[in-house]
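Each of the next two complexes has chain A plus one other chain: chain B in the first, chain C in the second.
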Partner chain A sequence: MPTQLVSDASPDTFPDNPVGRVIATEYGPSDKVFRGVITGGAMMSLVILALIAGFLLFRGLEIFRDFGFGFITSVRWDAGDGIDKATASFGIGAMLVGSVVTAVIALLIATPFAMGTALFLEFYCPSWLRIFLTSVLDLVAAIPSVIYGVWGYAIFMQYGTSWGRAINEHLGWFPLFHVPSPNFGRSPFIAGMVLALMIVPITTSVARAVYSQAPRDQIDAVYALGGSRWSGIRHIVLPFGRSGLIGGAMLGLGRALGETVAVYLVLNLVFRINFQILASVGGNVASLIANRFGEAGEYELKALMAAGLVLFLVTLLVNFAATAIVGRTRGTES
Partner chain B sequence: MITMLTNNTSAVETTPQQASPASEVEQTSAMETRGIHAWFGKNHVLRNVSLQFPSNSVTGLIGPSGCGKSTFLRLLNRMHEFIPTAAMAGEVFLDGQDIYRPGAAAAELRLRVGMVFQKPNPFPSMTIQQNVLAGPTLSKTKVANKKDLVEDCLTRAGLWKEVKDRLDAYGSSLSGGQQQRLCIARALAVRPDVLLMDEPCSALDPGSTLRIEETIHELSESMTIVIVTHNMQQAARVSDYCAFFLSEDGPGHLVEADLTKVIFSNPSDQRTADYVQGRFG
Partner chain C sequence: MTTTFVPDKLVKPARPWRRTHRSILAMLGFIAIAGLSSTGIVAVTGLAGPLGWYVGFVFSLAVFGFLGSFFRDRVVAVDLFATVLICTAFMTVLIPWVSIFYSVIKRGAPAFYKGYLTTDMLVTSSGEALNLGGLSHAIVGTLLMLAIAALICIPLGIIAAIYIVEIKGRFAGAVRFLTQAMSGVPSIVAGLFIYSTLVILVFHSFSGIAGACALAILMLPTVTRTAEEVLKLVPDHLRAASYALGASQAQTTFRVVLPSVRSGLITASVLGLARVAGETAPLLLTSGYFIKLTTNVGNGAIGSLPTYIFSTLGAGTQESVTRAWGGACVLLALILILFIGARSLGGRNKGR
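On to the complex of A and B.
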């Protein structure tokens, strides 16, 4: 048994201010292969993203050169005679505004629904029902958007039209609900409702994920102090989940902004900036592309590519912001 | 006159004279459980616990990990039912009324039976003062004089002197031991008759533990305290009565309950003697 526990080397052997060591890790061959495959897969998505952006930029570059910033702000979309480029004029201002208007309507309708659904699933729902409802939600999320479009066009349109008329009748004095002519079909309001239905699942599942991480010990503290379930939600869960819910809503916004077919089927494409949401005038960038793609000439096709690039960047930005916000909520949980 | 903690008189061999200190002759029990069982799903975790908690005294629940002490504690203020798949059987009496009777309001019960948790859990977004007043706020109870209530509760929790000049600081700015005493003050603000403590010192340093034990001792003059603890010395120091739980690879059950000094000096069951002397667990 050693009698001396501290080695009595001189300061020369063990200096008081040593140089920091480099910590080297050697990976084995299987680790290296696995690492390579995983890293490659992860990088691939970035490469594909960059290639898409590059392709759109390459095809649309001429348009940005010809129209400059006016391509974003102008509302005129005119292919001209299809031969002389000077007769054409392209601008997606109205479509960008239309995208935002329909997406915001969708968001305003979907978020409260998603919030309520998430709270119910997380705090009130019996567990047998929760399993069932969660899979229904996943199923709803997987329905192709063209189905929503057809449903919106064939079934919901008549209800949406009469709801629009009713809102206009009673609240028509409010500028948003004003209409120039009594035509209520194919309006941004209807498109927004259809989009709302589409984004409820994604917003719900993000909200649920955030709510489920609310600090359990603090919720317990509320209960133990005679608080109701609702007090626990109001004082702990909702404040904790606020930024996560915003992030989830923005993920929904990203989806709604880029939605093509559903909007194409239920919205009247008109090149005019319109904030009268009940009027039969609207559009969004994606449905513009779908609408014009088939019959577009060479030059217009380039304009559509440019429009695609703008939409791509806007959606990317919204999604990044959303992910950052959701991530921040999870990071602060402790 | 409470002479035995368990209802099952045959299991406890102490005589009334031995078990009853003279000062507690007129004592009644604040709470009583009869034939309590608990399950999580199909897992039977607590079997047939009948126990009384004498008024204005401290009862320690001791036993190895996983013997159902905490589950038992959470049954006393109906926190058990917040765990999914949790089920129970038996009766818990407070003032002669079963707290699980149909129509009994669980939230109101929890105003009378307060709880302090293992990990200090003050509300981080509230100030010290707001934390103390959280109970009345949540239960929408009117408080005539908030300042007095805050001072009274913090004093009784042994924290007033340290925080009286910074009541508007956030609760999270306090040390762990201070946070736990803040949680005690918060639990006191709704004026409970019974205070349940689930290993309140297990996350704290020895100095803070000592302060909390002093607080428990002072509080027990005016209220009934039930404390779960893993620490035998702590049980010996703070409790008047002790109940020993054991699971033995099955559902947890009560082995014996008696005056703390009897449990530690002359328990009737060999397993109790082995446990309190540190031979297992």
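On to the complex of A and C.
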């Protein structure tokens, strides 16, 4: 014991006030600067998000004041003569409904496929193939939306149109599949299919990341009890990865809600609330902005900013929820 | 004398689930029967073409899988059925992507001629014959904007990652959460934001820098996220050794941690670039589209590959649509190059 040593030694071998080693729990001045700078830089994402919301609100405030809640619910989008504000009327009701309709179609189609793909990659394919396919998945996640749009417009449209016609022929009695006129091109159904293709990679990669953390010993226990591969997946992996799949699907939903160019190219933009998914009538807030931006006057531009703010808040909300849900499974890891 | 028993050969324990010739034959037979029946379905019903055949194939696989269950145990039958579903889900997902790559190459190829990559569209309208004009302006514009976006975004992304991993500050969780949420910001909203700030207030016109800023916003989450993953791989004893030698945290971070993952950080940056290289919507609102080769990023519209595709497709004639496919081909090639570059750089470090 140190105290014992001190008391035993003769007084003159030690100075009266021995200076012990300083244990640096305090950061030095250079580290304080370093930590300050890094912390400041890290707040950038918060600053950017706040600035986006702030500026769009600032620009769109006049619209919210003029139209109030009607901006969300009204379906009329009319720039008037562009000079007199009284002739203009802006509402994004139809576009909001259109966004939700296309995104939900995309989600319903994409999620089962994403789940199947994730399970295939994680449990069925040989490991040499898995490494390759994972890179392919990352690559297709980086295919730009404009290429999906061009492909959807030039290649997929004919298939989508004929599928729409076939569904309408056989299931036309169902209100969703009813159409007012036999025109099946550029419908929310086709846009939803293209969006589904775009969100499959992100949902798959989130689901796969969660599935790969499923407790291996429990899966082995299932095998040891005579279960098949599917029993292991059904009873261990899927319950374990449920929130990961939901979160991944919601991340995909967020992306589908905010997609611009692909939807712009394959969807017929009409200002009407439409739930007949096979009809050539639809819309999407993001593609509304891209569509009207070029020829918008000052007042309409403000309306577009307001629409952008609404879109921003909706997608942010979906993403917050998705991140929180995914984080719940990941929480075990970090 | 003691004798030890030496077996002639080591007997491996039997694995009942191992692949035998018989099980592989049975599987191939199963697939062949489904294929044959699908050919029958195509001949009889309204389904047509390769896609129709594929639908029939999946359908027959499912039906035969179900029929097979009568001869088997329930667990095995359900397992077979699930295997069929999962594998076909994967194959079905592959079809459109193969179609995208195939059609981009096939339809884009006619747009290429000797000068396609080296001329701009200043004197050529997009409806003119395909041996005139090109997309040099778009390539240069895209590369310039990507470079500026990288300059803005990469330091910020790495700083955020350092904050989360090295400093582990009070807001580390919040920063990570916000970054993740930011990845969902619709690209057009980023464009609107830059338009309402930089374009209206600062530049008073479309500009390459504004476009690059919009791209930087969209890139930040990818870079931060990937850099964070990379920094987490640095073993703690490296940091401990550095501290033990009396280094400060700043020195440890800049001299020990960051150099040890340099290639990983480059991968993170390049992946971020690949992710935003094809963003169209924000560029329509911030950098516009210009048909002349220009390197002026500070003032006036500038060409870029995505907007080139978008505008030539919009022109609607057969030549211009071919040009759009050609642009898509170049864009996809650019992303592929970035991607493979990122992979090969990242792979070098992973050996560990």
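By definition in this document, the second predicted complex is superposed on the first by the 296 of 334 C-alpha atoms of A that agree within 3 Å, B and C clash if a C-alpha of one lies under 4 Å from a C-alpha of the other, contacts with A are read in each partner's own complex, and residues count from 1 in each chain.
In the analysis below, a residue touches a chain if its C-beta (ideal position, glycine included) is under 8 Å from a C-beta of that chain, and two chains touch if they have at least 3 such contacts.
Please read these numbers as outputs of a predicted model, since none were measured by experiment.
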item: Partner chain in contact with A:Phe174 - chain B first, chain C second, else both or neither; value: neither
item: Residue contacts with chain A in the superposition, chain B compared against chain C; value: C
item: Chain B versus chain C as contact partner of A:Gln218, first or second or both or neither; value: first
item: Which of chain B and chain C A:Phe132 touches, first, second, both or neither; value: neither
item: Contacts of A:Ser231 with chain B and chain C, given as first, second, both or neither; value: both
item: Touching partner for A:Phe275 - first (chain B), second (chain C), both, neither; value: neither
item: Touching partner for A:Pro239 - first (chain B), second (chain C), both, neither; value: first
item: Chain A residues contacted in one complex by chain B, in the other by chain C; value: 226-228, 231
item: Complex contacts: residues of chain A adjacent to chain B; value: 127, 215, 217-218, 220-228, 231, 235-236, 239
item: Touching residues on chain C, where the partner in the complex is chain A; value: 51, 75-76, 78-79, 82-83, 85-90, 92-93, 96-97, 99-100, 103-104, 107, 155-156, 159-160, 162-164, 166-167, 169, 171, 174-175, 177-190, 192-193, 196-197, 217, 220-221, 224, 248-250, 253, 271, 274-275, 277-281, 284-285, 306, 309-310, 313, 321, 324-325, 328, 331-332, 335-336, 339, 343
item: Chain B - residues contacting chain A, complex; value: 77, 79, 82, 84-85, 107-108, 110-111, 114-115, 117, 119, 121, 123-125, 134-135, 138-139, 183, 186-187, 190
item: In the complex with chain C, residue positions of chain A that touch it; value: 27-28, 30-31, 33-35, 37-39, 41-46, 48-49, 51-52, 55-56, 58-59, 112-117, 119-121, 124-125, 135, 138-140, 142-148, 150-151, 153-156, 159, 197, 200, 226-231, 233-234, 251, 254-255, 257-261, 265, 286, 289-290, 293, 304-305, 308, 311-312, 315-316, 318-320, 322-324, 327
